[in-house]
Amino acid sequence: MCRWAAYIGAPIYLEDVISRPGHSLIEQSKEADECKTSTNGDGFGVAWYDTRPEPGLYRDVYPAWSDPNLRSVAHHIRSGLFLAHVRASTGSAISRNNCHPFTAGNWSFMHNGQAGGFEHFRKQADMCVSDDLYHHRKGATDSEVLFLMALDEGLDRDPHGALSRSVARLENLSRERGCTPHMRLSAALSDGKRMFAVRYSSDHIAPSVYYRWSEARQGWAVVSEPLEADETGWTELAAGTFMELNDGKISMTEFTPEF
Amino acid sequence: MCRWAAYIGAPIYLEDVISRPGHSLIEQSKEADECKTSTNGDGFGVAWYDTRPEPGLYRDVYPAWSDPNLRSVAHHIRSGLFLAHVRASTGSAISRNNCHPFTAGNWSFMHNGQAGGFEHFRKQADMCVSDDLYHHRKGATDSEVLFLMALDEGLDRDPHGALSRSVARLENLSRERGCTPHMRLSAALSDGKRMFAVRYSSDHIAPSVYYRWSEARQGWAVVSEPLEADETGWTELAAGTFMELNDGKISMTEFTPEF
Amino acid sequence: MCRWAAYIGAPIYLEDVISRPGHSLIEQSKEADECKTSTNGDGFGVAWYDTRPEPGLYRDVYPAWSDPNLRSVAHHIRSGLFLAHVRASTGSAISRNNCHPFTAGNWSFMHNGQAGGFEHFRKQADMCVSDDLYHHRKGATDSEVLFLMALDEGLDRDPHGALSRSVARLENLSRERGCTPHMRLSAALSDGKRMFAVRYSSDHIAPSVYYRWSEARQGWAVVSEPLEADETGWTELAAGTFMELNDGKISMTEFTPEF
Amino acid sequence: MCRWAAYIGAPIYLEDVISRPGHSLIEQSKEADECKTSTNGDGFGVAWYDTRPEPGLYRDVYPAWSDPNLRSVAHHIRSGLFLAHVRASTGSAISRNNCHPFTAGNWSFMHNGQAGGFEHFRKQADMCVSDDLYHHRKGATDSEVLFLMALDEGLDRDPHGALSRSVARLENLSRERGCTPHMRLSAALSDGKRMFAVRYSSDHIAPSVYYRWSEARQGWAVVSEPLEADETGWTELAAGTFMELNDGKISMTEFTPEF
């Protein structure tokens, strides 16, 4: 299990999410409240958008809590759209290529959850990635393969559909060759303009997702756990929901894998 | 605060202390029971003796729990005398040179504790290291400087006295320029033949140290926390005690800094 | 292109190959003589056999020339059979999982060379790895996939045949989807008892391999480049040759991929 | 010996110096033309100024040529004033704290050169750093200590004087306890508004420094080696010169240590 936090709105410093809040993402790397493994020390990453078409990407294998580069980068870079992640490996190696977010072209993607028994069907999952996108398959996580499947399924023209079809494909592989829980998913992704988030589970335990509008910042935060313990305004995203954030607006639709 | 474990006796695999026991040092890196910070993820190290006069040394900045090199090295190397450590930084940087054990010639040293306010008198502490040994001052920890002071005070001919004099020097610096607690100390050290351990505090909270004779292994383990939760035979080292282990024998004397 | 060195015979310290000779593997990481890229600074690794059935494995992403752990490990570990490698990436990421040697069970494998245009048929190569062995596919190199193919082809019962069939499969993929040179190969591998080496190229440029018997050490060294510049006794392995070293004896057979 | 490149002028992407030119700093990390060690693979760093009073700082221990984080950061960050460095260690450890640039408050500093025999008088050099600044002494290089000495000598109010006095102090230590060459120095530093560079040697071999005005970019580059092999307009800074760049203007004065 991992923790993540994303932001879309008027530009802010990355540190306003990553390191400054009382329960910032770095604090969550040391002690998360709402996940089984409270320590998320197996690497971190941040993808941020600016005037370049592709996001910037900074990922490393160290615990987020002690990395001076991350603190400096977060203190200096401002962005109106970014995704940040701290990792707790569920088995795959500690490697930069297994750190979230993953990026391809203008897209970025990060994930908390699991496809049960993934190591037993990793080969079959890899084979689902198209020839065209296979050069983006650099690591060994279920998260990266889900992202690439979704790109193959048409993330650009139909984010909701592409994600629900790729979740279905991966969940089916888990049902055929893996084990329970077949799919637990909380993910955030972006094409550089819009942000999407999804919360879903094949059983009754979907990983937590919260969101909040900040009037002061004029932006939305979408997170695994609220960034301040005693702050009002955090709403839990209901399980089985797909959310789009765009131009300050938020829209939600039901999320069901298209088996 | 950190966690450590040391062994002297008939040769065993390093993993018999580092990774195999139920509450092995690697388990303690994830979740220690008897220290304030339960996560000890800021690097690790092991110094082991074999037929070479100087110990082997393998240290790295990653969390011990995820390092495949550490697991392989511990699975393959046998030794009759070794020191192993997992670190939780109390301020100084995550760097190999700040990882324990520290070595100089045939000596090795590791430490859990603190000299209160060390950063305020680090310069004065560095100045206490002799010209001859200053090339061994590679990092910025209080632990390394305490080790080098002890070498200057004559570790070779009088381990007890050298350590009590150097603890006094460092504790005095903390009293002059630092803050409470002025000295909390649990340390293990070796010259390649004998092992020494010490537990001391300037206040009433000395970091825990336990020891145990294994009949099966024909060796002593000295540790921050027992390596098995439900194992009998672990004895707590009393605060204010200096312990020597040599030729299967164990001797204890009172430890008081020689101010 | 990379550099490697292997040893089989009476036990020696790893450093006798890795760091002590005048043109040791570490020296070759700084300045190799017989390969296009003289710097081999993209990681290193060593696999050594002892009384355990599986080899020990120590790999890291730093340049070999500056890693104190490697020097210490090589100074302290003795082995009668080991493989050591320094890497110059030809494209795939700098990651421990892309560092040689690769191991699976009692087997170890390292490689210098390339399958031309590999990134264009990496997916097809991955698909060639059997379901049973796919959990060993951790990185993204052509070398690792060649090793796993060879295991699938029966390395245990027929090393020569397994390797020639897997080289043929990979070379064929390069001919179908890749580019020239379709296959350049110098590899060493071991099952913990015997060592094998092969030198082959689909064109006229096979990466160099040399071997030498040391009377003083009572062992064979097989290397990319001689370990001492002015030492007699180094013989170049002819291109298109498969070599087995076992019980102090050496045997050679022609090596042709079984298309 | 190391290589460095600095820029002051209208904002450009860091990559315009670090990775895009034909003989960019990353190219120089692989193969420098004008220094003894052509490989500068022992870490890298960049300090950049933006609207924050203190510079951003990103340093790591890997070779610059293979670090995807560096490429991404350099592709996305724009700055009108930055310092970038690739390191070839002359003895001190490969550690982030030994990577240039060094920063303290609004100042940044990077260096190529040496104070002969530094390891023999590192303690005496450390003792020259004032109590107030000693907490900035995090590594073990002569470069960092020179920077801290210069801050003590009043870099803020008199950059030229402060640097010439601190160079004299360090050169004197080398004359007393070290060896030749007592001082070779090419350094760049900044307070976030102005940039300064200096080239000096106690013997006849001063490390190279070049500078060039870019009309297209409206900015000055100051570098160890020209960023393009066949580009006109690069002027060599004469040995024994101190240079200030400010508001598009450049001024030079003689540089002699104030013994």
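Read from first to last, the chains carry the letters A, B, C and D; within each, the first residue is number 1.
Note that in this section a contact is a pair of C-beta atoms (placed from the backbone, for glycine too) under 8 Å apart; a residue touches a chain by one contact, two chains touch by 3 or more.
None of the values given here were measured: they were computed from a predicted structure.
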Quick one: which chains contact chain B and chain C both? A, D
Determine which of the two chain pairs, C-D or A-D, is joined by the larger number of C-beta pairs in contact. A-D
Would you kindly state whether over half or under half of the residue numbers at the chain B/chain D interface are used by both copies, giving same or different? same
If you line up contacts by residue number, which pair in A-B, A-D or A-C shares over half of them with B-C? Let me know. A-D
Which integer distance in Å separates the CA centroid of chain A from that of chain D? 39
Shared-contact residues (touching 2 or more other chains) in chain C: 68, 93, 96
Complex interface listing, chain D residues touching chain A: 48, 50, 52, 56-60, 68-69, 72-73, 75-77, 96
In their shared complex, at which residues does chain D touch chain C? 30, 39, 41-42, 61-63, 66-68, 89, 93-94
Show which residues of chain A lie in contact with chain C when the two form their complex. 93, 95-97, 119, 122-123, 126-127, 129, 131, 134-135, 137-138, 140
